[in-house]
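Structures follow.
One chain, subunit A, links the two complexes that follow: it is found with subunit B in the first and with subunit C in the second.
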Partner chain A sequence: MASLHITRVKREFREVVSSEEAQKSQIKIEIIDESDLTKLKGTVIGPPDTPFEGGTYILDIRIPDTYPFNPPKVKFVTKIWHPNISSVTGAICLDILKDQWAAAMTLRTVLLSIQALLQAAEPDDPQDAVVAKQYKGDPELYRKTAKHWAQTYAGAPKTTDDAEISAKIDTLLQMGITETKAREALSTHSWNLEAAVDSLFT
Partner chain B sequence: MADFMSEVARLDEETLKQIDRIQKEVAESCEFIGDQEDIDILTKQYLQDDEVYQAKISDLKRKYKKLRRTRGDGNCFFRAFGYAYLEKQLEEKTDLDRFKSAVIQCRSSLLSMGYPSFTLEDFHDTFIDIVESVNKASTSSAELLQTFRDQGLSDYCVCYLRIITSGYLQSNAEFYSSFMDGYSTIKEYCSTEVEPMYKEADHIHISALTSALGVSVGVVYMDRGEGLEVNEHVFPEGSDPMIHLLYRPGHYDILYK
Partner chain C sequence: MGYEVERFVGVVDEELFCPICGLVLDSPLQIKDCEHCFCGSCIEEWLKHQRVCPVDRTPVPPSCEGSSLTSALGPAPRILRNLLSRLRIKCENEVFGCQTVTHLEGLQLHLNQCEYNPRRPVECDRGCGSVVPMDELTQHNCIKELREKITNQSLVIKTLSDQVSILQQELSDQRQEMTILKELVRSSASSSSNSLRHTLSLLPPLPPLSSASPSSVSSSQSNYPDEVEHAIQTSQWLSLLRPARIRHWGGIISTPDSILQSIIRQALSSSGCPQYLLVELMANAHERRWPPGLSVLETRQLNRSRYEQYVTKQVPGKQAVVIMASENEHMGDNMIVSPGMVIIFAHGVD
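For the complex of A and B:
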């Protein structure tokens, strides 16, 4: 039983591949390197009727050698604007990835829970305080921002006209700010150009 | 903001590393299940002028002869329970068939509650393999000890006993719900306090597990409570204990007469 965690990952890998959700292309797990099964690439599709609809979200999955007794370490690689996911680091605030993990759970459970989190955010237990504040204070602006991020980073279909947003980002680009930084600053400051500029230059 | 967030991430990482270090230290200082030792070793663990504990240890020595320490990793009750029961059955082999059917019954009940068969079967098969090995005349106590000192096998047993405990609590929600302080549902209690590894066991866990598997356990309490004697409480109440555990605040070890 030297590499219990590897044996288990192999079996779980097969479970995800043959799952109903994978058949419908809702979730996916890929092996990055055959010789190292502790690093996996996960994919979750943004669920319908959310700002993330149709977006493809890549996850970085690390299997600790104490798996399945400790949870896998999972974070978003694709940038996302969501109260429970850090817009900067991709860290996820989800109970089953922390103190509610149980060894009876699997990678499939994890991916489905993350998808459920995209469907129903928990702003009272935030990972990203700025996003959570916006989610509660100005839900319309939150949806607009989240959708813009989904279209920009996750390849969600462009259904809204982002001309105003693009113009603001362009203004910052001309000041020598990188696009990522510009988008972060504007999103953080409710798309108020002046406030974003202030935050970047002070 | 970005700097602040990466600072938070760095601190998180630091905390995790520190937890890792502490766990390693605990692991190095004690096996999952230790060797049998004389109860006298407890005398040295407490100050000579600690009257309450020294008196209680003397009382404990009158009632029990030996002790087997377990690792203090929050899983000690489950591990001690599993090992002590199977060790006893290794000698007696009187209760194993009944025990096995109780375990099988628990599996069916968990499956009907919607637990994923994928992981459940894994735990079940591993656990039953160990139970069956105990039933064989050729299995030695050293082999059983080896099994419980193997991280993978040992933790599989702990996990399965945790899920069995959780399943029993959920099936008897009406009875147990009045004991769940601070939790709105049994399910929430179980997913926070029972199923995750390293969460310490409480009366509720002990009551549920002993009832689920029909294994009677005597828990001898040694704490700063009143009196100079240790008190034994039997789970389920009124039954005849098959195994005995020593409880000191936050920890369970195995006792022998």
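For the complex of A and C:
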């Protein structure tokens, strides 16, 4: 008989595929390599009425040998601007992926919890301090930035005019900065061009 | 870990699945506080990671002192156990041709005697005495099997004989140590007993040579075992005695009477001979207790030429000598007794 973690992954894969949420294309799970079920690709769709609405977020899921006694290791592959997710590494700060894990939880509950996190950030338990500060200090700017990232990286539909943002990024591009770096610097410095330039050249 | 659901005939109720392994419950236990059920092995493993219910995260009280990990767990409710035991499951040897379908509660019984079980232990029918799993019987080779047994036994024998030689080495080391200690006691016989004490104090603490002997009463230095304390007292006393010069070995009184013996005993006692030694020495003052080389007239005459080699100490003021075994090891067992003997003379000692 196969080992427990593989048995569970197979069953949970079927559970996600046949779930109501999957039917509505809210979550998805894919096997990358049939011979290695410990590496999976997850997808969650940005929930409505959030800056992430309509974005497609790819997750890297790793199943430890000790699963389900220990939680799966999950991180964002798609770049995202969110207080509980690192804008640099994609690491997620979510209690059920740490000390609040329980063996009866499944990959489906994990994906739904991550989707819920996109809906309701917890800035007091941040993974990305810069984003969390902005979230609390200037919610409007946070939404604008998060939306811009969603449109750029997660393919969220373009509903706003980003002309001003694009102009600032272009300025940095002409200075020889890569686009990713430019966007990170501007986002981090509240889209203040001078502050972003300072941070990049000092 | 539970049973694969595919093995059951008919529908299995959702309540009968283990939330941890996702399979049909095997030997279920429930958390007493929240009543959630899991396979016994699954929940025990989980509680090693976190002491909360895997479903609702209800805290599971830590096991009390002395009780097992599972004290917060109890048997699953009877109704659930009944439902499980009535499930009909296919034999796990279905792939080998077993058609048996049994109630879950009878599964183990069936497996023990399932003739399709490829691992069922059977005895070799060619007489080598081996018991092998059935699926290995066709490849089973009696000679190879027995050869392996012999190899294993040779290994055991080798280990044992290695141990024997280690023990022999230890024994001979200890013998050597004993000899050194004896030598030490003897060589200190004529020197100051304080120097012997000093030498002994440099040695590592000695294990008691005999646990049966009573502890030394006279000595203030009671941290030595009795034997060592006796050796010190003996050497102290011997060093006070003067070597005897025997002019006429023919004057030996081999059967002294009790009056003569008590005179010599008195003299020995006055000379400071330790009491325990005095008793022994006086008991050995008669030819019936002498070594074979001295025990009768004939053997005495045969060994006469060797008398001069004895190391003798005079009993002060008396025609008698003490011959200590510790000072006369060169004479051999035939000529001395332990711890020593007294020989009384009619005349010729000075």
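Definition applied: the second predicted complex is superposed on the first by the 200 of 202 C-alpha atoms of A that agree within 3 Å, B and C clash if a C-alpha of one lies under 4 Å from a C-alpha of the other, contacts with A are read in each partner's own complex, and residues count from 1 in each chain.
One rule holds in what follows: contacts are C-beta pairs under 8 Å (C-beta built on N, C-alpha and C of every residue); 3 or more make two chains touch, one makes a residue touch a chain.
This structure is a prediction, so every number in the text was calculated from the model and none was measured.
Visitor: Superposed on subunit A, are subunit B and subunit C clashing or fitting side by side?
Guide: Subunit B and subunit C clash in the superposed model.
Visitor: Could you say whether A:L4 touches subunit B, subunit C, both of them, or neither, answering first, second, both or neither?
Guide: both
Visitor: For A:A102, using the defined touch cut-off, is the partner it touches subunit B, subunit C, both, or neither? Pick first, second, both or neither.
Guide: A:A102 sits against subunit B and subunit C alike.
Visitor: For A:T178, using the defined touch cut-off, is the partner it touches subunit B, subunit C, both, or neither? Pick first, second, both or neither.
Guide: neither
Visitor: For the overlaid complexes, name the partner, subunit B or subunit C, with more touching residues on subunit A.
Guide: B
Visitor: Check the residue A:S25 against both partner chains and state whether it touches subunit B (first), subunit C (second), both, or neither.
Guide: A:S25 contacts neither subunit B nor subunit C.
Visitor: In the overlaid three-chain picture, which partner chain does A:T188 touch, first (subunit B) or second (subunit C), both, or neither?
Guide: first
Visitor: Running through the overlay: 80-88, 134-142, 170-178 or 224-232 are the candidate stretches of subunit B; which one clashes with subunit C?
Guide: Answer for the clashing stretch of subunit B: 80-88.
Visitor: Both subunit B and subunit C contact which residues of subunit A?
Guide: Shared contact residues on subunit A (touching subunit B in one complex, subunit C in the other): 1, 4, 8, 11-12, 68-70, 99-104.
Visitor: Name, in rising order, each residue of subunit B that touches subunit A in their complex.
Guide: Against subunit A, subunit B makes touches at 1-2, 5-6, 9, 12, 115-116, 118-120, 122-123, 150-153, 155, 159, 162-163, 191-192, 195-197.
Visitor: Which stretch or stretches of subunit A touch subunit C in the complex?
Guide: Against subunit C, the touching part of subunit A is residues 1, 4, 7-8, 11-12, 68-70, 99-104.
Visitor: Help me check something: in the complex, which residues belonging to subunit A touch subunit B?
Guide: These residues of subunit A touch subunit B: 1, 4, 8, 11-12, 15, 68-70, 86, 88-89, 91, 95, 99-106, 109, 128, 130, 184, 188, 199.
Visitor: If we count contacts the way the header does, which residues on subunit C are in touch with subunit A in the complex?
Guide: Residues of subunit C touching subunit A: 1, 4, 19-23, 42, 45-46, 48-50, 52-57.
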